[in-house]
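A, B, C, D and E are the chain letters, set down in written order, and residue numbers restart from 1 in every chain.
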């Protein structure tokens, strides 16, 4: 079968499984009626609301209804905001994407030079420091780093705005916060795949042609590590989006993360479902794009 | 280096908001997003704190005198035990230009009085009907004699909505594009980010002289909110945690504004048969074990008043001799435990919300620590607010839980309502027949003096019974920029009208 | 034939591994004259590749050339600055590797890789380099070279790739071509084609070849002079006719006897017993002592030196050393 | 001699449709209509260039691959018709020696476990018997008994191949398929293994299908040799016939491509095959070899030659079989 | 053939452990990593004996005491006290118990699920494989922390729930890795050899595939103990981590975050503990990766 179509078709069962997982969670979470009504609402009111929301139906009926609605693009209304959950989520998506992309760029800017550098100087003190730095980047919890960056760059040095979304400068600190952790992972991966590549025969060939080390490393070796790098970026999308949950909270960044955390706290399950679906869809699409990119990056890869 | 300084200036619009051109914008950082513009469907103080700037009540409480004074109303009058007559100010307009009439009042009050599904229903269902006399005159008729009607309609859910606008466009449209009669009109609400208002030129109280624009920014993380204040990103930051008071106070350009709130932190104990806490001696012992003063000192930086009653000064029915004092006697507590048959203490479960009240989790941990000293092991279970609410609704709470309650009516009726047997049946199961009678009598007693005495007596009974352990009255702690004058009010509302430029 | 192009003198290349020192190349000397084809034969691990990489100065950590000289056109390659060495590599000395699949970078087109050294060493523009590249491809017998020029290596067959490698190596008309087992990975029919191609090209370009192989058939077809290596040392060195007629070292003999003779019908193959030991397990004396049918006590104790037993034939073996004869 | 294995019309095609844009399905006919039989005690050599389908053929016979078409009659039963459990039992009788001595031994198992595995799977031995058997097998293939507890990585290629052989003969199989058992080895080791295989065959009356790249190795062990080209057998005869009187031009080219280890015998006039093996996905029409054949005619381009017995026991698929005496060994050289 | 073969023959004489030790001592980072990890494990096991105080004992009169070297600090609370007057050193020592417990148990749980799924899906392929891989894709598409957040939000936080949740969210990565390895190993000749011998599938999976994939599992598992410790701290930040009176590094860190500007030691020391632990585990993991690399075993 045509590979691309096959990959796209594969998304469908995946989204279904995800919807199922989330729905089960929501179902188990119990009903939100209690939160919808005043604390001392009469029993009948509770019952009426339950019935009107269809919460009395058996699981499969509820799930079926959910799926049917979902297929029509209806993820239900947010209890908290009384609005269509999906449009609330989509409203916020650009902010999260902006942060995510900026973080990836930060990560790339840190990881590529650092990874290549430490791979060419394997086991030197530079390598050790770079590895240490990378590990450190991974070891620092996002929220701690974020708060520290605010204290340093905003409060003490008064260089950058503290929080919120707006101009480019607002993006810097959150992007660094989030980017560092990803950079750590990326650096380590680039280093190891560079090491792998550098030991390949064609590198020896390139050297035997009398090419400068720079060309050998950046042209011949690095080009070949792009496939793993793209893979890791794609795989990191998930971690990245996860990281935005924390980073957005610290920086009061008005993205999906904030919405989602609030939604979980307030049992606003329509939003939780819509959020998870959107995020999952995004992650899947990123991975699909990565898959297609492989072909561009590595002419050997032609899918069956 | 020069470059970077230059950069910093023009890449710092957060700062720029306090710059010249933004001089007329007031930015307030709050911890949680507003819930809704449906004034009747929330029980959320911080949401109301925003609403008060775009809606008005018929009457309002004067924060200095504690008296209830007219707002939208020109005057009001108690006709009989069941009826109040109001006259509206003339020429009050909604933000769309429509004039306020009795019809708007009828629509607003009856919506909540009849709307069972609305969260504020129980505080308004005492109203039987709003009877329109003419465009500016109407009567509020209650089911029973209602001594606290004025208090009821000067708080959450008392905002008057534009009935014509809503009828024409539907309520959903109103929620998206709300209008009111207040000094500021709605511009946009970017959820979880900001709510923006601009000044309303035709405000019946006169256009605000200082501010053209009002921005509420939602910044959930405490340290971020404080940092924004310190760097000048916002003018006001609410809920500054005690750890940062000194920073805010000592920082050039900011100060800390404090006020005691109308909120009291309490520990609710199960009086249900079978729980150790059903024994009054045990409850008293638990109370005696807690050093309220130490909590206020070490966790709240001294801001907060230890108390034995939850009715605070300024409220109708305040019992002064129970206020600003506490019982602490661990030795006696141990004796009481022994008398009650727990010489070696016992183990109990203690639920606490986290992040809801000032230092709530810390307080819970400290209380548990103090109980440990008298041999009682309290296993704390922290809960997210929604889970906590659910737990209580399901009446699955165990021996004790921590709860802070405010009193937006500023009347003991609202506060002591919590001790009637029906209110907490299955949840705390506290019951005292004498108290029942007292409360019932007070409920519809139209004689203020007698009513007040009844409430004071009720508080004494509650204290003796240790129905709940009362910890302290909370403080409101707000970080403010030096460029403005702001004094917080006990009701936790943020009246921008009272905020002026220096 | 007397002008020496490359002179390898007592080359020693050791690997300082975590397990100890591996003397991969231990005292290897040989000369390559202009236009001459020298073959190095020996079993896996005997140090053939390391010798050739030493010449290119492509030995990497933990390896190191610890002794000897490599004189190429009068310059000691071991001493020239790196810049200069890069000018020689790919230009004066070129190399073809064993694995044509892995020796080409999979993510660049054939042309890209081919043009690289042309642009670098001949200072040609991209367009000129393309023309030269296509011409080179045609020379190595690739049909439709302009199309292949723009293809990626994976689209080519093994034989084609090896032709590309050869085209790449010869594109700057090097004086010396080092071919490290250039045909081992290929099928017999393709191998025959490649060998013929190489022979034709060197004749045309007057290039010397250092051919590394373990196939005596290939040696017999290609080489003028043969260097037999075992355990990092040269054990025998002779011109090809002498060597095949009268191999002196027991290892050389064993090697010859053990390869299947396609022209004969003998049933049992003669084989050298045992296997090549690991670098750390070589006997103290003659490295071949453990497997040698003629082993003597002396062999186990002392390393024989390479002795010229007749003009053009040198052997490292106590059997052919005067001293041994004396002892007897 | 009785017939042990008969392969009839065996075919295997792989789906190799590729590319992003939908295209016609493409199949690679790795083994394309192959028929032959093997007698008990015989060694059948199979040679051919890389990718011509030798390993696929071996894997089909040993049931590692499912044939697309055809029959494999082993010892009188069609293996393809056997239910799984019976097939598993039947495996006792067919074993395989693999090309790569590195990947064919589980790096995490000791020599003992490796050699004992077939015994444990098909027999019931107690510990002592098992050890005894294994040690005997080690003796047979020339492995030092003290290696019993070592791991594969502690051995050289030749030794590993001996372990592999010991494993293959452990069950005294009726047929052993050797898939290029010596190509990965050094010359000096190759001959050791070839001798060993030959010796075992004689001593244990084994039947081999011996797959190899090159003729030299095959020549030493085989009785008959099949030459494969692009998934088909193009010539099948005794080894004497093949080397002295090849009938297929491809065989001729194969023979003349072998480098001769004798510098005095360098001859440049050797007839070398031109060009590469065609892409097996789109094989040439007619005779698949016509693109490289020096004798091709228009007929060859059109009509696929049939694989038939041209002389006594000498099969070939060629429209223009060669005359006698085109081999590299002349008749009289034969002893 | 790899040139390194003969060289490796030499290693034969050493036993596996000796060889590991040798490789360990050779790797500076590996040694450091192992030492750190051993220290933490030791501290966790002997916490009650090592900690100067019980971790939850509060002292309202002694809050925010700085570490001993600062003014106002003393040796009674070496690393100072927190906002409730609890000894930070003791809390960190006790915190190591829960942090390690969460890290290790959730990884073990995830590992058991993941390895089994990976082995069977990879070996049998077909529908089983397709199903599990779609399931895996689904889990991969939901960020770990998000799934954990929702699940903890639903089931309520707590040690056991946390372990279960992290286990359930993490099995996928093992399943994928193991499956990938299985796919390549099952094409290796020794597996084919086992098939030609007639070894039953179950035995092929457990005696041929399993020993060959377990080393990659150990490497990844080691590293994910580190990520789990970090994840736990993030969940603590969201209030969904370990609940008091139990204490983990994550809870100390996130409790202290409000005091970063005023009493920095509250959050810095647990942060340091996490960093060092993660560093140690990653170093150890990297070393294990080297040691267990089949290429270095071959």
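A few points about this structure:
Following the convention adopted for this analysis, a residue touches a chain if its C-beta (ideal position, glycine included) is under 8 Å from a C-beta of that chain, and two chains touch if they have at least 3 such contacts.
Chain identities (UniProt): A, E = ABC transporter permease; C, D = ABC transporter ATP-binding protein.
Keep in mind the model is a prediction, meaning the values are calculated, not measured.
Each chain gets a centre from the mean of its Cα atoms; the one farthest from the centre of chain C is B.
The chain pair A-C and the chain pair A-B differ in C-beta contact count, and the higher one is A-B.
The mean-CA centres of chain A (ABC transporter permease) and chain B are about 38 angstrom from one another, to the nearest whole unit. Taking each chain's centre as the average of its CA atoms, chain A (ABC transporter permease) and chain E (ABC transporter permease) sit 21 Å apart.
For the pair chain A (ABC transporter permease) and chain D, the distance between mean C-alpha positions equals 52 Å. Mean C-alpha position of chain C lies 31 Å from that of chain D. Among the residues of chain C, those touching two or more other chains are numbered 44, 276.
For chain E (ABC transporter permease), residues that reach two or more other chains under the stated contact definition are 1, 5-6, 8-9, 11, 153, 257, 260-261. Residues of chain D found to touch two or more other chains are 156-157. Residues 56-58, 60-61, 63, 83-85, 153, 156-157, 239-240, 243-245, 257-263 of chain E (ABC transporter permease) are the ones touching chain B in the complex.
The part of chain A (ABC transporter permease) that touches chain E (ABC transporter permease) in the complex is made up of residues 10, 13-15, 17-18, 21-22, 25-26, 28-29, 128, 131-132, 135-136, 138-144, 147-148, 151, 155, 235, 238-243, 245-246, 249, 260-261, 264-265, 267, 272, 275-276, 279-281, 283-284, 287. Remark: chain A (ABC transporter permease) residues 200-202, 204-212, 220, 223-224, 226, 297-300 touch chain C in the complex.
Taken in their complex, chain C has these residues touching chain A (ABC transporter permease): 53, 56, 58, 85-91, 94-95, 97, 99, 102-108, 113, 116-117, 120-121, 152, 154-155, 165, 168.
For chain B in complex with chain E (ABC transporter permease), the residues that touch the partner chain are 222-223, 226, 241, 243-244, 246-247, 291, 294-295, 297-299, 354-355, 361-362, 365-366, 368-370, 379-384, 387.
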